[in-house]
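You will see two complexes here that share chain A, one where it goes with chain B and one where it goes with chain C.
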Partner chain A sequence: MGIKDKLKTGVQRNLNQKYIRRLLDIIAKKPVLFAYGSTFSSLSDKYLNIFTIKSLRNAYTDNNHPVGYGSLFLPYEMFHALGITPFLPEVMAGFTAGLGLATQTLKEASSNWYSQDLCTFHRSASGAVELDVFPKPDFVITTNLACDAAQKSFYIHSVKYNIEKNFYLIDVPYEYSKESILYLTGQIKNICMDISSKSGIKLATSKFKEVISLSNEFRKWAIKVNNLRKTLTNYPPYYNGLNFILPFHGLAGTREAVILYNQMYKELKKYLDKEEKEKSGKNKSLKRILWLHLKPYYKNEIFNILERENCRVVFEEINYIYWPELDPERPFESLAKKMLSHFLAGRIDNRINVILKAARDYKIDGAILFSHWGCRQSNGGARIIKDSLNKLNIPTLVLDGDCVDQNNSSQGQVKTRLQGFVEILNS
Partner chain B sequence: MYTCGIDVGSVSTKVVILGKKDNKIASYVIASTGSNSKNAAIKALDDSLKKAGLTDNEIEATVTTGYGRINIPFADQNITEISCHARGAISLFPDLKTVIDIGGQDSKVIKLKDGKPIDFLMNDKCAAGTGRFLEVMARAMEINIEQFAPIFIKTNDKVDITSTCTVFAESEIVSLIGQGIDKNKIIKGLIYSIADKITSMVGRVGLDEPVCMTGGVAKNLGVVKALEENLGIKINIPDEPQITGALGAAYLAQNLH
Partner chain C sequence: MLHDSKSRDDLDILKNKINDISAFFEKTLFSTDKRPLVGWFCTYTPEELIVAGGFIPVRIFGRKKIIKSESYFPINFCPYIKSSWESLLSGADNLKAVIFTNSCDGMRRFFDTANKYLKDTPSYLLDVPHLRGVDSIDFFANNLNNMKRFIENLNGKKISNKEIKNAIILINKKRKLLKKYSQISTKLPELISISSYFKVMELSMISAPEIFTDDLERYIKFIREADTENMTNLQPNYENTPGIMIIGNFITEEKLWGMLSTMNLKLASDDLCISSRYFEKQIELGDDSDFLNLTAERYLNKPQCMRMADLGLKLKEIENNIIKNNIEGVIFISLKFCDTMLYSFPLLKQKLNDLGIPALYLEIEYNNFSEGQLKTRVQAFLEML
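The block that comes next holds the complex of A and B.
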């Protein structure tokens, strides 16, 4: 049975599942993703929703392209150059939480011996795989960059679908060096060649160049968005910089990412122009917050509380553009450099430097590190990050919680911690 | 005129009525919260007014705090326990740098600079290291909680309680009693288990002296002594540590009008 036939069988088998019914409901009725209210608030909001839904729909129903599971820190340009439809189980775990279905997937994971200590992005995704509600993958690609859970749980996904031979782990060295670039370039190239040979999809140089150019274009607009946000105090009400994980990673190298970030830039620019025209509109008492790591993706009150207390998240570390412009003539090497440049690769100092730069650039009053249960790469640095920010007299709240499992945090306790933190900022 | 602070905790509701001119406590009440925090706050306020010989017209402003702070309709403002305990403790010990508060369902460490909170840490959602933990263990051992401190002082040896979870710790204690282990040693171990948990919280926030301990558990001299031993310092205890949050709320109410 070929890849396409397998995919078709998988989709048909899956179609009866409640999860997919719910998902297809959302796609069919064209309403909205979990985090954005009940209508499209703007064109960028609409793009974000449509592109996300399109990406999911392709993974579930497009039989013409292989599906590749990918973990968060991969260079998705390689997927797009190969014509693989990316499916990001960790992002889907967030989506599942937003749909209110994470309790089911987590329960399934628990029944299958996944440890309670495992990060719930991976635990929920593993439960979804066990329930067979995710599209069947043809390839599974992951990396040991930052996340320790991905390399294990993604391998289990490949075993579950009997495609261990199509499992790839990109090993990112600790240090940024010439040797590391060479080593990583070789891995990325070999994986692309292997996938090309197995899938019969020719890896065309022209296609790779186009993808790399689109990635650079997306990068350019993302930098412009980030620069605008340095001075903004008022934001469109729908704007939450923590909602762009899929386009930021999974759509890098596509026209959609360029369209989305270009539109976002236009809308934020309009807000800035309005602010500058109406000087009085400048919200001087606003407390500017730097958000570290991710947020809960189920219904929660965190951002409403901050809003009520006149606090605004003015930047999120996950939106920092950490990589240099890519060279279309040297695509594999460029992607290797992109991975090696990540601030979560190597020493904690890399991350701290990014955080301190953001603290200065965005003139923040305080920082919130959302300490997601089971996420060693993020929580492990909490103390040193807090100490580094405290040296700049920036109060920092380490907010314990869970991005996916709403049963793993108490809303009342979160509220008290946030309020207490705001009281410190205002004192 | 007077201000009022109400600390609606998980176990008890505390009310303090504070004179605005002289900063003297006109009256205070500690009552059980029960299942209806709003009614508990209303009743405790009534009792406190009666005790002080005042009417509610003489209360210029009311601030609520504690886990039930939001549901009190007559409050002018609600402020977290962090700010209120810090303010209350500072009114008693002006040079304070660290406040350790152990209440019924949460424990917290607050770091102060120039009399204002600059950092804090609260226990996670588990009841380990709180007053509730002690209560459950006292019940399991069929010993009045007031006996814990004298037993702690007179007992030299301890048995380590390895379970952090309140439910598991209760089972562990039942099992230890079943093994014929001296109850006094178990009590000493229990008190150290709370003190160790708080010690690690203090370590995370950073220890700066002078230190004050507030909340109902501060009345348990065994816990205080174990903490002093762990931290190697002397801890200040208010005359009535349980009302510190309500006292701070009453002080913060003075800023409202």
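The block that comes next holds the complex of A and C.
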């Protein structure tokens, strides 16, 4: 049994904080972490996993820094500037799926009155909170971007830990406007000040500037990666752009994110150079796919099927750099603008624009919208997305499934639908 | 006295009369008011601005069976939205414009859909903050100003401060009367059926406010006079009945209210967006003439919908009502797939457990009511109490 499988079965058998803490302590030690990292076949995967382990270890075991639960689309630069260790329950819900724990966590959520119609990212995370598997937070910070779920489930977490006073919602306005920037800047600033005074950690301007600069640096490499991918067709084995959710959000503003995206760039560049040299990218019949929304995080066949059918996901909307460069002199305002620029904020047109731009930039032949059960914000726009891509003669598959709950997805049906879609692409 | 058969007969006659809503609200129902209609969905929409612009605000109830709508939205999507979309697509409501709010993810996508596929009917989305502090009120007031401009553009007419003030006075009066009516209904469960109560609520949201308030005023006067004749002491069926509170979202199922009306259920308090969350709290007109700010203040501080950030405050509101109205059981009814409602239940359930109040959890479809199983569950719940 390899180290990854050992980890998996270990956690499955001992689903409790003490065990997880011990495990993270062992694995985060340098030689072990190095050995663990070397089990990954690509450099980007290696760094992703090393940094994830480090970040989790900090959240579980570092008592010197407060822990902040954060929902996915927050500007994590504020966490790093404040010295708060971020912990992202939604991302962790993806891990519960990958580690085969979701059946337990979802069951726990149901017995705590979470309806089965709710998004499983939140249900599974809530189940884990109820089971006491996650580290205890000092602060809970959330936002209405991109959906209603986080602000509600995170509030429940704050009650569970008796820290309602340390619950913050960053309320992102609907339109991008002068007034919205002002309103949002004020909120972010007030929250930072409040957390700083409660935690006793001074919010140093120099630290904030440094974090903002690192975030810009990460952004620069991420854009370079995205640009490379416009022509790249051959990827390192097991590379999947949907795996980098944690660093893309939670590590924005850290050196780790810079290293990871820099390494990713170098690695992909090598592939591209090789491709150009050998003209191996000229796989004429390859179908280029744009992926919309997320993917299942449990073991599944989707990407293998696509690979076998000579289809490749060449871009994922979630990796689109939607925000302008941040201004280190105006950190709060920059973060407000970052949030307001998100394509899932406001009208669906913002998302459609990104999708259509990606369709052109990445010369896609088809799009797959993974219709994750219970995600109203995304699935509610499926018809408009489909119609908009249709106008460009790009077929779209709305693939029903569940990112976290294996039992709410039929592998057989997914396969049939994918094959049907490939036939359309090839016709 | 209670078994006096003459009194019982009189009571029955009176009861029939009071529950004949179409007779009391004839003018409302057959209104000749020809002002154009502007549709709205969510109780965070200030009708005041629609009235001030010279329109009749009409809440969209979406009574249409969902057919075409299925191809626009996923299966697991708010049935109220789907059925409202069906009715917008059919053009049945003859609306000059529609005002949406960003109340939930579903509504945001509904607005996008209307924007894309309903080109002839102008639509507007009012951004309602989830927070309630001073900054949020200012921000909301600015959004109200944008909404005002949208309404002005509909008929090319500027809305004056005076028109806003008059509209505030009118809608304040409507809210005040509705509250009074709600209090009377709670006191007289035998005389005013649950069906009648919600019918009046519905009329209040879809009718010309001037005519409706006149009708409601007369209706309340009639009930009051009956009350002074002491008829209302005769409520044998409800003497030892426990008070129930209904908590829910857009629950407008006539058949459900009809069913509950036959079940000896004493509705002692409600927290729904078609009743208390709609009529509670006035716009306080004082010396301040910044009417948009006053309006913003009222709407953000009215009894909260579950969509707002502070669920703790919502629970406190519910707890206060439970204590004030001697509630002994709570019926929680949600339309299916309404995330904000569904997420409120885990905490609400905890709170009710702490208070020792039993709760019944129901999820229903919209316009697709099947009485059988539901009746058995409610019956069992009432018996348990």
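Here, the second predicted complex is superposed on the first by the 388 of 427 C-alpha atoms of A that agree within 3 Å, B and C clash if a C-alpha of one lies under 4 Å from a C-alpha of the other, contacts with A are read in each partner's own complex, and residues count from 1 in each chain.
The definition used in the following text is that a contact is a pair of C-beta atoms (placed from the backbone, for glycine too) under 8 Å apart; a residue touches a chain by one contact, two chains touch by 3 or more.
Computed from a predicted model, the values in this text were never measured in an experiment.
Asker: After the superposition on A, what does A:115 contact: first (chain B), second (chain C), both or neither?
Answerer: second
Asker: Spot which of chain B and chain C makes contact with more residues of chain A, would you?
Answerer: Counting contacted residues of chain A, the larger count belongs to C.
Asker: Of the two partner chains, chain B (first) and chain C (second), which one does A:357 touch, if any: first, second, both, or neither?
Answerer: In the superposition, A:357 contacts neither chain B nor chain C.
Asker: With both complexes overlaid on chain A, does A:299 touch chain B (first), chain C (second), both or neither?
Answerer: neither
Asker: Where does A:159 make contact in the superposed view: on chain B (first), on chain C (second), on both, or on neither?
Answerer: Second partner only, chain C.
Asker: Quick one: classify A:383 as touching chain B (first), chain C (second), both or neither.
Answerer: A:383 contacts both chain B and chain C.
Asker: Taking the superposition on A as described, I'd like to know which of chain B and chain C A:169 touches: first, second, both or neither.
Answerer: second
Asker: Taking the superposition as given, does A:417 touch the first partner, chain B, the second, chain C, both, or neither?
Answerer: In the superposition, A:417 touches chain B alone.
Asker: With both complexes overlaid on chain A, does A:151 touch chain B (first), chain C (second), both or neither?
Answerer: second
Asker: Report, in rising order, the residues of chain A that make contact with chain B in one complex and with chain C in the other.
Answerer: 383.
Asker: In the complex of these two chains, what residues of chain A are touching chain C?
Answerer: 112-115, 117-119, 126, 144, 147-149, 151-153, 155-156, 159, 164, 169, 171, 173-175, 179-180, 183, 186-187, 347-349, 371, 373-374, 376-377, 379-384, 387
Asker: Within their complex, state which residues of chain A touch chain B.
Answerer: Residues 383, 390, 395, 400, 409-410, 412-413, 416-417, 419-420, 423-424, 427 of chain A touch chain B in their complex.
Asker: Name, in rising order, each residue of chain B that touches chain A in their complex.
Answerer: Against chain A, chain B makes touches at 67, 79-83, 106, 116-120, 122, 124-125, 204.
Asker: Which residues of chain C touch chain A in the complex?
Answerer: Listed in rising order, the residues are 71-74, 76-78, 102, 104-106, 108-113, 115-116, 125, 127, 129-131, 135-136, 139, 142, 306-307, 309, 311-312, 336-337, 339-340, 342-347, 349-350, 361, 363.
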